[in-house]
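Shown next, in structure tokens, is the structure this report addresses.
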């Protein structure tokens, strides 16, 4: 079958919801296979609400976060897997790196979404960026597992960090996610440990929508914004 | 009629040939109206060969340059007009600026091509960039000639300067111009005063083609590269 | 009297409302004289709604915009004056520049607020920035109107542009404007020609508030963000 | 007791003297606890004079450097501890990283001082920067040693590297250290292995003082300069 | 005669002393013709001490500044001329620009020294930079005064601004000026209106000397630092 | 003996050919010892053609690549050694780092050539850059192998990456390699696995030659371009 696919490399198990949930749902609705690879459950750094409960353990936090992420991915129409590499700090050795390479080779994605190059508030995010790019390069090398076919050159887009200007991240592509906004917001609601972010990222979606409208003369309510790592190659400038 | 159009704002009368001749020819072949607006004939700075002839006058140089540019535009399938604002230095007052605004309002281009933001070798180029962007903004204002319909928000792409790295210009979109390369090279050959550039820009086209191939898994022989001024708004990331 | 003062240099007559209305109201409540200097009424570029009315004239638009701005300034507790230098394009000669210098010399502001260095969507904004900085430098020169006392070195803060990342503008100081938010929003409501911006800048205030909270462990609902032009000189790092 | 505290993360055992000795002494005089955490003794890279002595051993160099650093810290009124992670190259594993996290949790500093993001002359410096920031982030995570209270969001300031422009470091805050200059200079004089730096950093203090004066209309003789990592959150712009 | 020459384009009549006095003296000692072109006398912005005298007039300030500059140039072994274009603000029309072009064509300099690209403390400096570069480009054009021979491509070096990091200026070449330091300091002493700068620029010379030593293993006491506008073309990398 | 030497740190065994073959041959012809240190054979990422052969093994690829590199180095007149640290990904521990330090101490190079700071297409390249710079710093430290003499401060130049603008690499020095071009092209022809690069880097040499000509008024056919890591210290600005 010729189902097209996309790969989302997410540092923690909720990043993909806030930052790329619209793109995931949009392409899933178009019949693509959208796969989310979570390097960590975010069990230390993004689960404050859980840790405030009595008798909480690392395993319990990880299990709850996994459950939430799987539910959110299901709402978006995406598949999901976890590398469980820890967070705060995330630490990824070559063995885990090669699993990301395997994901590239198996999915053969048309495009990849991941974190920004810099984030002074969260060092796991630029590390995820580095791993996603490094794995892509290795997956292109004929000498890595030579029996497997290499991949081409899928474009990589960097989704929006929490404080964009501090991360030197710049919106270069706006994607209209209005048709799937409801799904994205339902996925938000699954992430019970981070309720304070629901409205933050709703407003972010509306601001990007207004900006997308201004850059296009279209009328766009909700948008997601992405920075491009590599130049676009196209038959059409538009 | 619903013919689409594109606008090229060129500082000197040959810039559009080297830097955007492929894009012009490609869209012209697709049935678009491609219009080139030359701010200057390049009569002082880009006509060294002519000035080495005996008894040369400014008017003669301008006439020859105009003739060449009209021929080159015809080969590319584009229309062309001239503002004759001088070069080395180019000096453009508000009257000429409003003529560029008029061009925006009359053409209503789907996209605009112009020079890079910086060029330490040629100050007319960043000035052309500034004028092209400023005119676009004025053409969007309801209060400028209120009887006329305003324009939307056409994307602006910056074509390749002569020494890209020195101009802090970066390729962000590659356009495959292989199908129209022969036309572009024929347009080169019209520019008799700048023969030394024919091979320079042939090699540039081949290098950009090789880079476009590497960024896409396609096999592209000749490409033109462009930097994007504004974010892209799209239904598709690719 | 020793009333302290602040100066806001606004390109168009509504910019100060969206971008610095909170700072204006906050310092006015503290007993400062806050003066807004509008270089233009924004009569061409920011008055689309007015121009859609029948029989509108430039003078009527300017009058309406002046009225609105005076009302908004009054709500914020600030004084306001206008240089009427036109917009789209704003054009400011040395005579008008020296009026800005006069404002510096008369007000002797403790700080200055103005536009970002760059804005590819609005060239009047970086021009206002340039004029505000150039006038400040001239006001420091002993040889300019030597009979007048020169000013010191008031810090300059750049308020938030409409699309921050595209303007290479970065938040470096967050000011908690929650106590005066209601005034700022009432000033929004005066600007009838730009109703679409009310919610946009409400959300901007909330996003900056959330970011200010995260950068301080305080609980801040609404904030304005500013970039700093000059280094801060202080007795305390905090 | 409610003694406020500050943390200085210094790559080598003398960096804090040249780069932050004034800030340390100033806050110590104000009654703060100022703690210096040295990642290395600088026993290889900053002890040329010692290594020129006969029969010198690594342990002796480290002991002498420790003694000097303790004396210098005492003059400045600060406490000091050492992680002894080696230098040229400094190598810090997660165990040592968690000790820095512990320092954050125990001190609960109001602000942190450390090295610049880049330094092409000394790779231990940007590594110290990275560790200081990464430890701060981990100390904020509820899931790291969940029994301990997390810290807030202390601002981080980057002190001046040896060749500022080559390190892409920019002064954003000037601190007047004239009142404690004599202490800083006495601390210089302890560092016998680096006598050539006494005058270099005296001149640096005077240049920064002159610049601080020019940016403030104050009369400041000696200053230290700092770059800011995070935006400032304040009730006052000044 | 084959005397080589160098051109210094100085915004105000003392800039060349502080920023390029060493280079001027060094090349003059080597038998070069070093010519200083002052766009302004600095009569408004750099003559505070004079304006504090009773009954001072603009003409008197200009005369005194001209006298001082001529004396300083003589000490350095350089010739000097003035365009008298005003300062604070400096305003240079095309007529004056063409005089700078004439200087290029007459001197045919081996290299050019001028101000930095940016300076938020002094807008005359980046304007001088722009004019020096624009005049160089025009002087290269065959169509500008076609009867005159065009110039080649002399390298342009940007001398040190007062607050280097704030001007985004970076030292890329250090020139050992120790052999002529005494002359440079004597030229300082001529500039009576700016006595506060004597020690500032002495320390700057020592700091750059120390940095030059560290980047070369040489022992250099005083240096001047320059940023390069264009790439170097050489037979030798060193 | 007083033979001068230069060091080239090459990530993969062919990088030095494309990027620094001209500089190597030029200095070898001048009687210098030019030594190439290859961190990897490029056996995975740059040997696609070999891996398409039946029954290929990693050892065979490495042997062939070593042979080719030795032949290419011999043509250029350089010596070569290999650290065999793997590629895609290159992984270099401190033991290998200290071998690079040893190379610095033994060769005592006048200058060093290596890769760019960034390369989003090849992460081994910036790692090689980092190692080359870090080893240089360690080689300068008196406390590293104290019995050995330390090195001075050799300048480091970054040779041209495959897609220069994407790597934020900028040509700052052009070296005329026309006299040794034939040797460089013969070295190209040894690299049988990368035939598609022969013409690419021939065109690159011609483009850089044309640019070198334009920046110098010389007539240069082939050039190599380099970015400078450290400031130049010189007796002459040219």
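So that you can tell them apart, the chains are marked A, B, C, D, E and F in the order they are listed, and the count of residues begins at 1 in each.
Going forward, a residue touches a chain if its C-beta (ideal position, glycine included) is under 8 Å from a C-beta of that chain, and two chains touch if they have at least 3 such contacts.
Model, not experiment: these values are computed from the prediction.
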| item | value |
| --- | --- |
| Separation of chain D from chain A in steps, with touching chains one step apart | 1 |
| Both-way neighbours, i.e. chains that touch chain D and touch chain C | A, E |
| Chain located farthest away, centre of chain C as origin (C-alpha) | F |
| Relative to chain D, chain with the most remote C-alpha centre | B |
| Selected pair, out of C-D, D-F or A-B, that shares over half of its residue contact pairs with A-D | D-F |
| Type of chain D:chain F copy interface by residue overlap (half), same or different | different |
| Centroid spacing, where centroids are CA-atom means, of chain B and chain F in whole angstrom | 38 |
| For chain B paired with chain D, centre-to-centre distance based on mean C-alpha positions, whole Å | 53 |
| For chain C, residues that touch 2 or more chains besides their own | 121, 166, 171, 211, 214, 230-231 |
| Every chain pair in contact, whichever chains are involved | A-B, A-C, A-D, A-F, B-C, B-E, B-F, C-D, C-E, D-E, D-F, E-F |
| Sites on chain C touched by chain E in the complex | 94, 97, 130, 133-134, 137-138, 140-144, 146, 229-231 |
| Chain D - residues contacting chain C, complex | 23, 110-111, 152-153, 155, 157, 171-176, 211-212, 214-218, 220, 223, 225-226, 228, 230-235, 237-238 |
| Residue ranges of chain B in contact with chain F within the complex | 121, 162-166, 169-171, 199-200, 203-204, 206-207, 210-211, 214 |
| Residues of chain E touching chain C in the complex | 43-45, 47-48, 51-52, 56, 58, 61, 87-89, 91, 120-123, 166 |
